[in-house]
Amino acid sequence: MSLFDTNGAIFQESRRGPQNNGVAIFGVGYDGTASFRPGARFGPDAIRHASVGLENYSPALDADLEDINLRDLGNLEIPHGSPEPVIQRTHNAVREILRSEMTPLMLGGEHSISTGAVRAVAEKYPNLLLIQLDAHADMRAEYLGDAHNHACAMARCLDVLPSKNLLQVGIRSGTREEFALMRHTNRLVAANMEELARRIAPHEGPIYLTIDLDVFDPGVFPGTGTPEPGGIAWETFASVLSVIPAAQLVAADVMELAPDLDPSGCSSVLAAKVVREVALMLADS
Amino acid sequence: MSLFDTNGAIFQESRRGPQNNGVAIFGVGYDGTASFRPGARFGPDAIRHASVGLENYSPALDADLEDINLRDLGNLEIPHGSPEPVIQRTHNAVREILRSEMTPLMLGGEHSISTGAVRAVAEKYPNLLLIQLDAHADMRAEYLGDAHNHACAMARCLDVLPSKNLLQVGIRSGTREEFALMRHTNRLVAANMEELARRIAPHEGPIYLTIDLDVFDPGVFPGTGTPEPGGIAWETFASVLSVIPAAQLVAADVMELAPDLDPSGCSSVLAAKVVREVALMLADS
Amino acid sequence: MSLFDTNGAIFQESRRGPQNNGVAIFGVGYDGTASFRPGARFGPDAIRHASVGLENYSPALDADLEDINLRDLGNLEIPHGSPEPVIQRTHNAVREILRSEMTPLMLGGEHSISTGAVRAVAEKYPNLLLIQLDAHADMRAEYLGDAHNHACAMARCLDVLPSKNLLQVGIRSGTREEFALMRHTNRLVAANMEELARRIAPHEGPIYLTIDLDVFDPGVFPGTGTPEPGGIAWETFASVLSVIPAAQLVAADVMELAPDLDPSGCSSVLAAKVVREVALMLADS
Amino acid sequence: MSLFDTNGAIFQESRRGPQNNGVAIFGVGYDGTASFRPGARFGPDAIRHASVGLENYSPALDADLEDINLRDLGNLEIPHGSPEPVIQRTHNAVREILRSEMTPLMLGGEHSISTGAVRAVAEKYPNLLLIQLDAHADMRAEYLGDAHNHACAMARCLDVLPSKNLLQVGIRSGTREEFALMRHTNRLVAANMEELARRIAPHEGPIYLTIDLDVFDPGVFPGTGTPEPGGIAWETFASVLSVIPAAQLVAADVMELAPDLDPSGCSSVLAAKVVREVALMLADS
Amino acid sequence: MSLFDTNGAIFQESRRGPQNNGVAIFGVGYDGTASFRPGARFGPDAIRHASVGLENYSPALDADLEDINLRDLGNLEIPHGSPEPVIQRTHNAVREILRSEMTPLMLGGEHSISTGAVRAVAEKYPNLLLIQLDAHADMRAEYLGDAHNHACAMARCLDVLPSKNLLQVGIRSGTREEFALMRHTNRLVAANMEELARRIAPHEGPIYLTIDLDVFDPGVFPGTGTPEPGGIAWETFASVLSVIPAAQLVAADVMELAPDLDPSGCSSVLAAKVVREVALMLADS
Amino acid sequence: MSLFDTNGAIFQESRRGPQNNGVAIFGVGYDGTASFRPGARFGPDAIRHASVGLENYSPALDADLEDINLRDLGNLEIPHGSPEPVIQRTHNAVREILRSEMTPLMLGGEHSISTGAVRAVAEKYPNLLLIQLDAHADMRAEYLGDAHNHACAMARCLDVLPSKNLLQVGIRSGTREEFALMRHTNRLVAANMEELARRIAPHEGPIYLTIDLDVFDPGVFPGTGTPEPGGIAWETFASVLSVIPAAQLVAADVMELAPDLDPSGCSSVLAAKVVREVALMLADS
C-alpha cells in the first residue's frame, strides 16, 4: 500500500533498491559478555531510528545513499546468554551475504561478535587486512575464564585471520601486557594520518574495517558500555576514512553503540552518520 | 533470507499472516498541536519496540496473536506542522483499509487525528457508536483559534459522526463549560462498570473505540503529553474492555503515547499491551 | 506590551487579579539539610512550569482559578547552606503576607522550612490546628547534631505552635521511638476518612495544612528526596481535602517536590494540581 | 579508623554484628539471558545505595535491623556470558553460607540464578516449599534453545526441588501452555490472601521465598527488564508477607531490579524496603 | 514586595533596568514543523533557568549585564500547529520592539520563525546583512509540501531580505543541491576566521545574527532536535563573535535549544552563555 | 569468605594492600552550599562504581594500581546543612591520615570542603604550593552572606595557607573583581603548558593539587553543578599533570562530580580516570 512508509529512516528507505551486488546492512543485537554496562543489543535499531534525522547526501564523499544499492536485512535472530552460538550464526549470515554477491555491513551489538564476520570474510579473502578503530586493545587471551568476552575481541579475530594482518588505531586503554604486545608488533597506537597512510599503502588487497565506536571521545559518544576519556573527534574519524582506499574495502562493522546510555540520542546519530559514510565507501568497492 | 527477523516484535512477527480480512495496524506519528509537551510522534514505533517484551497470549481473553490475522502496515507518511493534511491522509488510509476488508487499528500520535479515522469508519457504518476513554473532555469548539487542536479532538469527531452517539469514559479534566455539557447530555464520567454496560447495551450496532492513553493514571502511564493525576489502573481498563462486546467492535485507535517522556519504557509496554488486547478483540469481530 | 505572556502557567496568569485579600503563592527553594537526595530547591519553579498543562477549573471543588484572587510573589531570595537564616526569612515573609491581609500558600523546598511559616501564622492565630500530610513522622529532636534537619521538621513546628495541636496523616516511616510517641499521643496514622473527620470536628478554629508530598505513593509521585513505598493515591488525597473545612483554612504549604528526580514530569504535574486544589480552598476562607 | 563509615547504608552498617547465626546478604549481578532489557546486574549495589534513605525500623513487623544479626558479604565474583558457571558459583556460595549456620538472602541479578540457591537449600531441607512471587510463570522448558534463560527460571528450580512443592503468586503473563499447566496443577494465580494462607497452612516445613520484583505493578516498580502491567501494590505485598510464617522461612531471594531503567530511583528504594522486611523475617526463623 | 526575587536568573534580574533604548529579550516557544525531534518550544524558559548558574560578567568582552539596559519581555503567546500565524505574530512583535527603540534578541523555538523577525528588521534596515550560524543549509524551497518547514528557514529569510545578503557559517549538512548552491554563490562553509572577517569587512551597514545552536558540536550541545556530528566548539564560536563588529549588530536570535533532550542541562547553560555574549554585543550597538 | 568481592571496583580491590605509607582515598559527600545545582554528595560513590570499567594500568604514566599501596577509607560521616562542621571533620580526618604516614586523596563533594584538607596539609608543610584546576575563580570574600559558600572556596584555602602560594589553572568564569585580582597577582589563567612549567619550576617544596572537575569542558564532563562552556579536554589535563613534579605532590583532591546530572555515567568515568592518574602520581612521592 503506497500510502505507508515504514518510518522514513534513510537506511530503510533504501530497501527499494535492487537486491544484489549492493551493500547489505544487518544487525546483531547481542551484549551478553559486556563486563561493565550492557545495552549494545539495542544498537542496530537505534541506528535505524536516528538515521531519520540525517541527510542521504555526504558532503565529505560527495555521494548519496539514493544513488547506491543498499539493503537492510533486519536483525539476526539470536539467543542471549553464551556468545558462541551468536558468533556461529553471524558467521553463517555473512557467508550467505557474500554468496549473494553483496557487501556486508554489520551493526552491533558487542565487539566479540566481529570474529564471526571476520572469519567468513577471511574465508573468501585470505590476505585480508583488518583495520581496528577502538579505545581498547581487546587482545586478552581470556577474561574471567571466557575466551569470547568482548575484552578478547581482537585476539579472537586474529585467530581466524590467516594473514595475521591487524592495524590498530586509536587504542588508549589496555593492560601493561597488551601495550607491551602492541609495541613489539609495532602496531599503530595514535591516529596520525600520515603514519596511518604509510602503514596501509603496502597492502593492496582487501580490507575489513571494524569500528568499536568507543574509539570516539565519550564527550561526542557517551552511549557505550565502557567509555574511555581521551578519544577522537568526528574530524579525526573523517580523516582516518580519507586515508583508507574505498576500492579495497570489502566488509565493515560498526559496534558497541548502547543507545539507552545516552538519553540525548546524539550517540545514535553519530553512529548512523558513521554507517552512512562507511556504506557509501563500501558501495564504491 | 530466513536467517533474519526484523526485530522480534510481536506485531511485526505477525506480518507473515494473510493480507485480507484481518486486523491492520498502522501508525500516525503526528503531534503538531500538542499544547503542553510534544513527543507523541514517536508513539507507534515505541509500541512496536516494547511489544518484544510481551507474550503473544492474553490470559484475560484466552486468545493468542499467533492465531489471528494481523498486519502491520507501518507508519503513514505525513508532513509536520498543520494538522489538516494529516487528518486528510488518515481519512484516505482508513478508507483504503476498509475497502481491503481489513479492520483498522490506528496507533498515535495525538488525539486530534482520530477524526480522520472516525470519519472513514462512519462513512461505512453511519450508526456508529464512538466510545472514548480519556482523561480530558476534548470538547472545545476551538483552542487559541485552532479548531483541530487536540483539546478539540472529540468535538471534531462528533462533527463527522452522523449518529452523534458518543460515550465518554474516565473524563476528569475540562473547563466548567465542558463539564456542564457532559452533565446535560448525560454522558458517563466515571468508569463504573455496571453503569457502563447499561449504557452500551441498547446499542446493537458497530462500535469504534478511541483510547487516549492518558485515561490511565500518570503513575502507571507517565509517558504522555498532558498527564492528569487521578486516572485508572490496568484492572479498571481490563474491566471496561470486558463490557464492550467484541463482536460489535469495527475499528479502534490507541493515542497519545509520548515514549521519551517515560525513560523507564513502562508506558510503551502498557500501550503495547493495550494494543494486544484491542487487536485480539478486533479479530473477533 | 500586551503581545507577551510570561508563559501561560495558570498561577502566573492569575497575577492580573487584585493584590489584596487574596491567596499569595511564594516559593522557598531550599534543600540544604536533605539527608538522602537533594533537589527540592527546584520545586517551586517546576510547579509553575507544570501548571501550564492543567485546567483552571477543578471539577471536585466546582471552582475556577479565574474566579479567585491569586498572586504569585515569586521565590524568596535565600542563601544556601545553614537552614536557620532561611527559616528566619520565611518567618518574615509570611508575617508580611498576613499583614497585607493575604492568605499564604508556600511552595517548597524541604519540609524543615515550614516551621518559619507556622510560627508566623501561629503568632496571628494562637489556637491554630496543624494538619500534617506526610510519609515520615519528622518528630526527631535532632538528626546528626542538627535540630533543623528535615527529619525534625514537625518537632520544630510543635516548638512554635502554642496549641500543640498537631494531626498527623499518612505517616508510614519513623523510628521505633517516633511510632511509640504517635501511639501515646493517639495521633492518626493511616488515612481513614471517617476517623479523620471525627478528629477535626471538635476544632472550630483556624487550620494550617502542611503537605509533605512524599505522603503520596512513589508510584504516583517519584520526584522527591526520600520516597517511601506504600503511600496514598490521588483519590485518597482528594478525600482528605473533602473532610477539611475550607472556611477554617488560613494557610498551607506544599513541600518536597524534587522535580529532576522524575524525568517524566508527572510529579510536578501532581504537585501543581495539589496547589490548585489547596489554593481554591484557601480562597474560600 | 572510626571517623569513616562506608556510606551509611542500613545493610552495610549492620556488618558490625556477629558473623554467625545471622542473616547473610549477598549479591549476584548477572543478567546475561535477559530476553528484553538487561541491567539487573546493577541491582545489588543499587539496593545498598537506596537503603540509605530508609529507616532501620519496620512498623509493620515492629522490628529493627539494629536488633538482628545481619552481614553483607558483598557480591559474588562472576563471569558474564553463559549462565551455567554463575549458577554453579551461586550453589557453592549458598552451601558455604548454610555451613556457617547463616541464613541466605540473595540479591539479583536475573531470576535464572535462583536455581543455584534453591538447589543448595533443598540439599539441606529436602521437603522445602518454594513460594514464588512473580509476574511471569517462568515455566518454559527452554527459550530459543537455552534451558537456563530467565523465562525458564522456575522450571529449573523445580528440577532441583525434591518436594516439587511450588506455590506461585501473582502470575499474570505466560504462554497458553504455561497457563494450562498452572490450571492443571491447581497452583495459585491471583493474590488472594485467605486462599494463600489456606494453601500454605498444610505445609509445616521450611520455606524458600523467591521474589521476582516484577510481581509489583510497573507503576510502583518500573525498574525491571520485562515489566508487565497489572501487578500488585506495596500493601498487597505486605499482606502476602503477613500470611507467610516467618519461623518457617529458611532462605529468600529478591531478583530482577534493573535500577538504571528507573531514573527516579524509586524502584531501588522499594527493593530495599522488600529486603528490609524479608531480612527481619529471616532473622526471626 | 522587596523580599522576593523571581528566581535569580541573570536575565530576569535585569528587568529592573530602564525600558527604552535597551536590549529586549523575548521567547517564541514554537516547534511545530520539527521533522525529527520536537522540544524547542521549551528553549526560552530553559535559557532563563540556566542563566542562574552563570556570572553577569563576560571576561571575553570585559562587559557586565549589570551595566547595560536589558529587558526580558517574556514569551510570545502563540498557537501550536501551523507556523504561519506564529511567524506573523513574531513579525508584529519585532516591529513593536523596534518602534520602542529597543534592540530585539529572540530566543527560539525552531529556526523557521526567524523569517518573521528578519522581515521586521529588514523593513527598518533594507541593506541588512544576515549572518547565519548553522549546521544545516536550510535552503530548501519546501519540505514535504510545506514552505515554512524548519528545513527551509533560510530560504524563507532570503525571501524577505531585500539585500539578498546572506553569509552562512558552519554548514555541514544539506542535500547535494544545497551544497551546489552554496558553491555557486561562493558562501562561506567552514569557520575560518580570517576568511570570515574578509567577507564581513566590505559590509558597513547593519547586521542581523541568526544562530541555530546546532552549529555547535553535539558533544557540547546535545540538546537540539537534529544534531549533526562534526560541529564547532565554544572557542570557535567566541572567535566568530570576535570578528563581527558589535557596533553594526542591530538584532539577533538564538534558536533550536530543545532542553529536555539533554538531561544534564549543559546545553541550556551553553545557550544562556551565547545569549549573554550576544546581549552584551547588542547593547554596544 | 574468599568467594566474594565487594564489586570489582579498581579502588576497592586495592584495599588488600598494606595499610601504611600508601595513598589513602576517602570521600566527603557534602554539597550543602551549591548555589545552582546540588548532587556532588554522590560523587565519591559514583567514582568507585565507575572505576569498574577502567583498567588498573595507566599508559601515560606506565604505572599500575596493582603495584602501589592504596587504601579506600570509605566516606567521612557528616551532617548536612551548614558547611563548618564538615570542614572541621575533614581537617581532623586529613590530620589523622598524615599522622599514619599516608598520603591523602580526597573525593568530593563540593569545593568548599578543600579548605579543611588544605589546612591540615599546610600545618605539616608550611611552604605548601596550592595548584588549583578550576573553571571558576572561587575567590569571593563571601556569597549571600556565607563565607564558606563554594564560590569562596579558594579565598578560604588562602586563609589557611601560610605561603599564600596559589597557582590557578583553567579559570574562565568570575566577577570583574575576581578577574582584576587575578591580573594583579599575575596568576596563570589559561592552561599554557610551557608557561605553567615555568611557574612551577621555582617552587621546590611540597604541592597540593586541588581539582574542581568543572575545569573540564561540559562536553566531556557534564556531571557537575555549575558547568561553564569553554573548558579543557582530557589531553590538556594530561599535559598539565605531565608538568607537575610527582615527587613533590603530597596531597590532592578531586571535587564537584555530581553524577546524577550525567545519566550517561561518562562524567563519573572521567573522574575515576583522574583519580587513577593522581593516585599513581601520589604513590610516587
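When the chains are written out, they are named A, B, C, D, E and F in that same order, and each has its own residue count from 1.
The definition used in the following text is that contacts are C-beta pairs under 8 Å (C-beta built on N, C-alpha and C of every residue); 3 or more make two chains touch, one makes a residue touch a chain.
Quick caveat, the model's predicted, so the values are computed rather than measured.
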| remark: Matching interface for B-C, options D-F, A-D or A-E, criterion over half of contact pairs identical, gives A-E
| query | Farthest chain from chain D, comparing Cα centres? | reply | E
| field | Chain centre separation (chain B, chain E; CA means) in Å | value | 39
| task | Return the residues of chain E touching two or more other chains; collapse runs of consecutive numbers into ranges. | result | 35, 217, 219-220, 262-263
| What is the complete set of touching chain pairs? | A-B, A-D, A-E, A-F, B-C, B-D, B-E, C-D, C-E, C-F, D-F, E-F
| message | Could you list, by residue number, the parts of chain D that touch chain F in their complex? | response | 1, 3-8, 26, 29, 45, 49, 73-77, 89, 92-93, 96, 263
| said: Taking the touch rule as given, give the residues of chain F at its contact with chain E in the complex, in rising order. | reply: 35-37, 172-176, 179, 217-220, 222-223, 225-230, 261-263
| Residue numbers on chain E that touch chain B, as the complex places them | 31-35, 38-39, 41, 78-83, 85, 143-146, 148-149
| Which residues of chain A touch chain E in their complex? | 52-57, 59, 62, 64, 217, 219-220, 233-235, 238, 262-266, 269-270, 273
